[in-house]
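First chain A sits with chain B, and in the next complex the same chain sits with chain C.
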Partner chain A sequence: RPPCALLLRGGLLVPCCYGAASLCSAVTGRPPCALLLRGGLLVPCYFILFCFQAECFPYPEISNEELEEINSFVAPVEKFFAEDVDSKRIDHEAKIPPETLNGLKELGLFGIQVPEEYGGLGLSNTMYARLGEIISLDGSIAVTLAAHQAIGLKGLLIAGSEEQKAKYLPKLASGEHVAAFCLTEPGSGSDAASIQTKASLSEDGKTYLLNGSKIWISNGGFADVMTVFARTEVVGEDGVKKDKISAFIVERAFGGVTSGKPEDKLGIRGSNTCEVSFDNCPVPVENVIGEVGGGFKVAMNILNSGRFSMGSAGAGMIKKLIEMTAEYAGSRRQFGKHLSEFGMIQEKFAVMAQNAFVMESMAYLTAGMMDRPGLSDCSLEAAMVKVFSSEGGWVCVSEALQVLGGLGYTKNYPYERYLRDCRILLIFEGTNEILRMYIALTGLQYAGKVFTDKIKKMKKGNVGVVSEMLGKRLGEMFGRSRDLGLTGTDGVVHPALADSAKKLEQNVVHFGSTVESLLYRYGKTIVDEQLILKRVADILINLYAMTAVLSRSSRSISIGLRNHDHEVLLANTFCTDAFFKNNYWMTQLQKNSLENQDENIKKIARQVLEKRSYICSHPLDRTF
Partner chain B sequence: MNCARCLLRLQSPGILAASVRAAVRRTAQHQLSTVPSGITPHTTYSQTLRHFHGSTALSKSQAVPTDQEEKDKSLITYDDLFERVARETKTKATFNRVVDVFCNRDIRRRGHVEFIYAALKKMTEFGVEKDLTVYNKLLDVFPKEVFVPRNFIQRMFNHYPRQQECGVQLLEQMENYGVMPNMDTKVLIVQIFGEKGHPMRKFQRIMYWFPKFKNANPFPIPRQLPEDPVDLARLCLTRIANDLDSKVTVHQTPCSDITESGEEVTYPLIVGIQSPDQMELLARHNPERPVFVEGPFPLWLRKNCVYYYILRADPLPPDQKVELPYDPERSFYFPLQLDLDLDRDLGDDDSFDVDDVDEGPVFAMCMTSQGNQATLNQWISGLQENNPVLGLVPTLFRLEAGPAELLGVSDPDPGHGYRPGGAEETQTGAETEIVVEEEEVHPLSQRGKQ
Partner chain C sequence: MSRVLVGVKRVIDYAVKVRVKPDHSGVVTDGVKHSMNPFCEIAVEEAVKLKEKKLFKEVVAVSCGPAQATETIRTALAMGCDRGIHVEVTGKDYESLGPLQVSKIFAALAKKEEASLVILGKQAIDDDCNQTGQMTAALLDWPQGTFASEVEIEGDKVKVVREIDGGLETIKINMPAVVTADLRLNTPRYATLPNIMKAKKKKIANMKPADLGVDIVSRLEVLRVDEPPTRLAGVKVETVDDLVAKLKESGTI
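Right after this comes the complex of A and B.
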């Protein structure tokens, strides 16, 4: 059952990885070439890579019929966004005009993933990602739609009962009703313990009375159906009453729901964000999503499943930006040369192309893995996609603006709007900092399960383990080649990318031993070492990105896609870049490394925060 | 720029001096023989002057007349001069007048060393001990160029030791009162004693250390303490608490009232401080365990001592410490704990800290002008408004008899801050100074600051 997907992962996934060789061939009909499996089966200490699920190779594909289907959706949406959406006006008036919203509804974009039996389009994750590329061209519309279906009605989709689905989904899918997701409160961002909204059962036991207020609710001003999380009293197994969180479907029509003034925001100004208050709002008991007291898992699943499309959205935006800025760079002349002939301008385009390529590869790999039967939980991968693409998107938009110089800074061009709009990507759906914690800790939890016994033996001074360890270290020192089976005769990576694959393998092996030593040093207290966790997360993101580009471009060469040589070039450049970055981060993670400035960083922050101000004297100050 | 110009200007008199040197030397023999007859040397550009200055020092107690008009008194002591000029008022203006009188009386500035010593002693009386311009004016009393060594032998030996000593003494006093010399001081010293004399060395040392120490104290005390007792209490309490969130509450402003029976009742000042963290700590306090009101504890602010009281509890015995159980349904985004059976390696466990002593929690602090139980009880009931748990917890008063008369809030003269720690200091002064230092690292305040 979907609400338990995350738990499944811990319990189910590890054994399934052991047996994944057969599983993999059964599912795909191809030889089991997954990097992680290989690493896992051959060299037990590289189990860390179970984080990347078994199926990064080959790159997921969709059938010809599906491709035709998606293209038939894409064309009208593209036309609509090109002709009927006036982003400048939406941004300026801070409102999406009703006719634009109606157009979106007619295209079915309010129910992309709602099954067809409930009146939605019933598209797969991959196709949703494809549509996201176009929708992202207007940040306000993208956020409105995402708040509606990626989180607003997702609770119904993944945990709602048949009756609830039948009652609400048709209207939501048609866009007649708009959904919102109400979790954040003034005192509670990611801390469930500080949720104050209460739902108390009435005396007849038929309704809950909802009291409290939620802030920063996208679509909060006009949503008709809301997924609201509130505390309910639950009698635990031991008979003790406890407050636990439950999820409710709340209709505005129930009464007692008031919305505040829309927030005036930096970007995505056309989307409606406001406070929503509930004052003795009566909610029938049958509107509880999942079980009473099971709201925490519902919230977590909704949040985890809503992120994967951000990669394709970012890629779509950057691809559009490249077109626009390339035209300018090709036409403007300075010193008798086109801008495009200057190295520093060229570099910006390379950065944009590379970022778009990596984002796309990661996004569609993740979406494809999510669409595969069996393994549905890809929240870790989705989080990595979100972090990478939000930060890459920010850099690229800024670079695109820079190409135009002062012109880009004016409101005559859309760049400043893109810049403002895409800033939210780093913040919502879990800030990047929080997601890095999630990525690193989830990875370390897997690794910990594998390494614990060995580390314990080592700490006890088991000669066998220690000498094995020493041997491994020596081997690494003398550059023993590490072959995880990506290349070679049975390899899954095309020979044109062999060098990059070797780099990935080398990184993976090195990362395995780095994680092992981190666990040896910190054990479970690593939870508090945020600077270390940040690097672990960054390395994991890079490794996943390298895997994704290798997988994608191998496929492209093999089936002869147009311009696959450009893909190879991008993949090799990115992998080399990421390889050196990873090496640097892993050096920082070594004990007593010179590159590691953590102590200084913490000290600076402590001294500043103690005084809550910048404490240096002014450079013009004198003592005599 | 200014300095360079001054120093340049110094070079030319040096050349001038060299040209007259020959002439002066010729007359030196003559002057030597004429000393007993009372004729004073014509010019100061002479090394032989050393004898005369030496002799004035020796003849300090002898009533050698130097001034035609005041033959009896002038040299007995220069203190007298100060006393006579400034009979009514002792101000900077009168002090300056005395210096002017001395300078104008004799173009040769005879007896200037004694005069400067006397003036240094009198400075505190005139309230100018922290005034740089006065020190510069005093330094200006020294005749220029005379004591500048002019060859390597003079430079090697202690040239005009008494004068140099006097100059050093002057700088020493400046140092003790925390007065930072300026460029004028440097120019004067160069003019008087040359570029490498002892006073110059002293000057350089001062200029090396003073700026370094000026901002060394991370918790500077204002030079002028607030006069208002409420403001003073606010300053002290925020200084000890060192939590930017903590809130000062004036529970009662001092006032006096006359009751119906005609008795005069004075209400003492009560100022308290408490931070939100402390309130939370107090709210979680087990009501069965008592809290204590303790004090008075002294806090030194420059020359003032004030007293404060704390509300605290004993540290929890180890068996009563409860850690909040891990709630896996707490964080929506990432696990707050790892399910691992591995602890931190010893090599990376740097949690051991000798300063980390298990002390009881301090819940609030207050200052009052009257440290008796009734007043402190008022404070506790004032605290109870925001800390309802205080109504349930038994409160014990552990008060020591505090020297109430030393309360800084009633100190009539809280202004004078710096107390010199020099050799001339009296015993009590030195003691106070030490106490001040100890108070700075009082465990309570220390804990707050860490």
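Right after this comes the complex of A and C.
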């Protein structure tokens, strides 16, 4: 491929480091990304920013027409949730009343992303995210709707044939039929590729017989149409028979489908979760989604496409919590002052506001990128949004509850329900542990391919390469920070945010060399170093968050949105915080870092897990 | 001839905590959530129900105000109205727009559109005037059925059950007539998202008061707006005698 270039000020062309961008696209199959500076100069992004597709600046916008439309949708949905949804009752009875479900169906909320031609609303990812902010006010309803359309029927939308879409989508969009997503099994949770449910082809080749059990299936108790994943025998190109996963559309009406009793859960109690078993369930061959044997990819695409909306859902919930909690903090008096006058209480509001701000910024940036034609795979970004939002949401709900003190702990207030409903966010849709692995390894994968060559040469003692790396290192040490085009006259970040943009640039550059060093030290075995990968993921998430926040607030200032100076404050505060956290993690990732206690941590864990208990003698024990 | 005109007003949402502007010239509306006046929603619902019963052919939603008033008309269209009319009034004119001017506009439109029935909410929740319906009827010299909790069309007459202080009053008036909706008239439907999408294709005509020959100069000048006095904490008493004593003390009895 043609070599890409870094256009330095002064017009000197320097080949980009390690031909980064071209290799990056060869590995990922995505176009080389770049930061588009004002004036149309393309600069290949430093390798880490490849992960964040170029179009992070400017912040995505929707047309006035679309904005009017989405605002006209927001009002009736908000009204419905304010007046006709009794969350307390739903939680208490562990059931969503049929009238409420009907109201949701009539509002059109069961087919938000189904194309209009099939009876849905045909809304974009951005609009879906916007509605998600309101729907998340009731956790059980949010999960029921998401299980139905974000994953249950999504397979049809992204991989279904025209016949399949025409047959199933209309009734799914109206809510006459409800959908569910059946992947997880008792022995296969995070390790989804190991599922054992089997689909065997009949002699006449017209029907598959489905046999197996699925667990934790949302809407499993009453779904009429399910996307089920099972192993099918496939003959490979080499003539070898393999059992590969295929995706099927299964109707309860086919027979042989039984649902277990609803799980009694900590939170989202109104959402139906149960076991679904298939006993010689006959599935016509026309109901295979996509290719036979291509089911795993379909599953991953489905899951990746729904993840980003957790950001806006979380933000919507936190914004509501801030309102409720601020009311209380502004009226409750102790020690002669309002609670809102005390520092530790104020800090909680700052944390909540920052979290909501970051979640919103990340969610709509990701949704905007997904909506752009030609750029629909944002699985890495979506994973980062999910991890940040689930953990941020958990922290914020807990802090909000804390402000209310004892009152927050009672069922008279909704805080305890929000807390219980929130906890699942870190678990489903891919546990945060799995997603951190995905984020870190995807980020390292391309870097690995690039550096493998260089590293081999280094290990052979190729002096030229070593001095190249050293030279670069020294350059960085003496503060010649890489200009990524974020700041300056042609920068894409507004001058008011220049400091934070510099921090982002510094982090990115430092991170680049950190990763280089990690790959050199560990090579392929880095896949097993979870504690290292965790830090890599956390840094990447922070970098994406900082990018989203800078992009969003740059736009707000530039177009003069109301309260943009508050946005600048939030952005700068978050970026500074993230900057120092990133630096600390990167310090821990250095060779022989004193700040890194991973060896001790693993040792402690080993000793505890060996005995499957806490092994210290009791402090009161004696030896004589 | 078989046409219903419904008036809808864009007001500050009922759930919002209203705050007075620092200069006491009015209330803060900038950046504040607005929605359709609840009584106007009830009026729209009634009009659409009458059309669904095939008693009328067309329902036209009308709103007077700045550009944002079209949002309110769109909601009315999503609830089932056939088309809308946006009478554009902006800036200072809008700030001083009151029942007298609006009723002149509605009267002119009722004549122009040859409406048989004009349905309005009994009052708006921002000014609580409760005058527009009555003034419109008077200007048109049409009969009026106000505070309606039940509306029935009987031939060319309208039977209206009115909520009055003493109870319920049933009257029968000739059409064309003006009816104003009270709380218990009906439960407005939600504007469902599919209907909102369909409503995008419905037309909203745009015009100015001058086009209708209406002069909107206000005869009222708002001098000052203040918040109501803050409610003070109550006092608990132990016995009825204490209560009587306190009431005498405060001069209430």
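By our rule, the second predicted complex is superposed on the first by the 576 of 624 C-alpha atoms of A that agree within 3 Å, B and C clash if a C-alpha of one lies under 4 Å from a C-alpha of the other, contacts with A are read in each partner's own complex, and residues count from 1 in each chain.
The definition used in the following text is that a residue touches a chain if its C-beta (ideal position, glycine included) is under 8 Å from a C-beta of that chain, and two chains touch if they have at least 3 such contacts.
Not measured: the values here are computed from a predicted model.
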{"item": "Chain C versus chain B on the shared chain A, clash or fit after superposition", "value": "fit"}
{"item": "Chain B versus chain C as contact partner of A:Trp216, first or second or both or neither", "value": "neither"}
{"item": "Chain A-centred angle between chain C and chain B, computed on Cα centres after superposition, in steps of 10 °", "value": "130"}
{"item": "Which superposed partner A:Arg562 touches (first chain B, second chain C, both, neither)", "value": "second"}
{"item": "Partner chain in contact with A:Leu109 - chain B first, chain C second, else both or neither", "value": "second"}
{"item": "Partner chain(s) touched by A:Tyr438 [first = chain B, second = chain C, both, neither]", "value": "first"}
{"item": "Contacts of A:Ala193 with chain B and chain C, given as first, second, both or neither", "value": "first"}
{"item": "Which superposed partner A:Thr623 touches (first chain B, second chain C, both, neither)", "value": "first"}
{"item": "Touched partner set for A:Phe80, first chain B, second chain C, both or neither", "value": "second"}
{"item": "Which of chain B and chain C A:Val527 touches, first, second, both or neither", "value": "first"}
{"item": "Distance of closest approach, chain C and chain B, by C-alpha atoms in Å", "value": "35"}
{"item": "Touching both chain B and chain C, residues of chain A", "value": "none"}
{"item": "Sites on chain A touched by chain C in the complex", "value": "68-69, 71-73, 75-77, 79-80, 82, 103, 106-109, 112, 116, 121, 562"}
{"item": "Residues on chain A engaged by chain B in the complex (per definition of touch)", "value": "183, 190-193, 244-245, 296-297, 299-300, 303, 430, 434-435, 437-438, 441-442, 444-445, 448-449, 452, 455-456, 459, 519-527, 591, 612, 617, 623-624"}
{"item": "Touching residues on chain B, where the partner in the complex is chain A", "value": "180, 182, 207, 210-211, 214-215, 244, 327, 329-345, 347-348"}
{"item": "Partner chain A, residues of chain C touching it in the complex", "value": "15, 31, 35, 71, 74-75, 78, 190-194, 196-197, 200"}
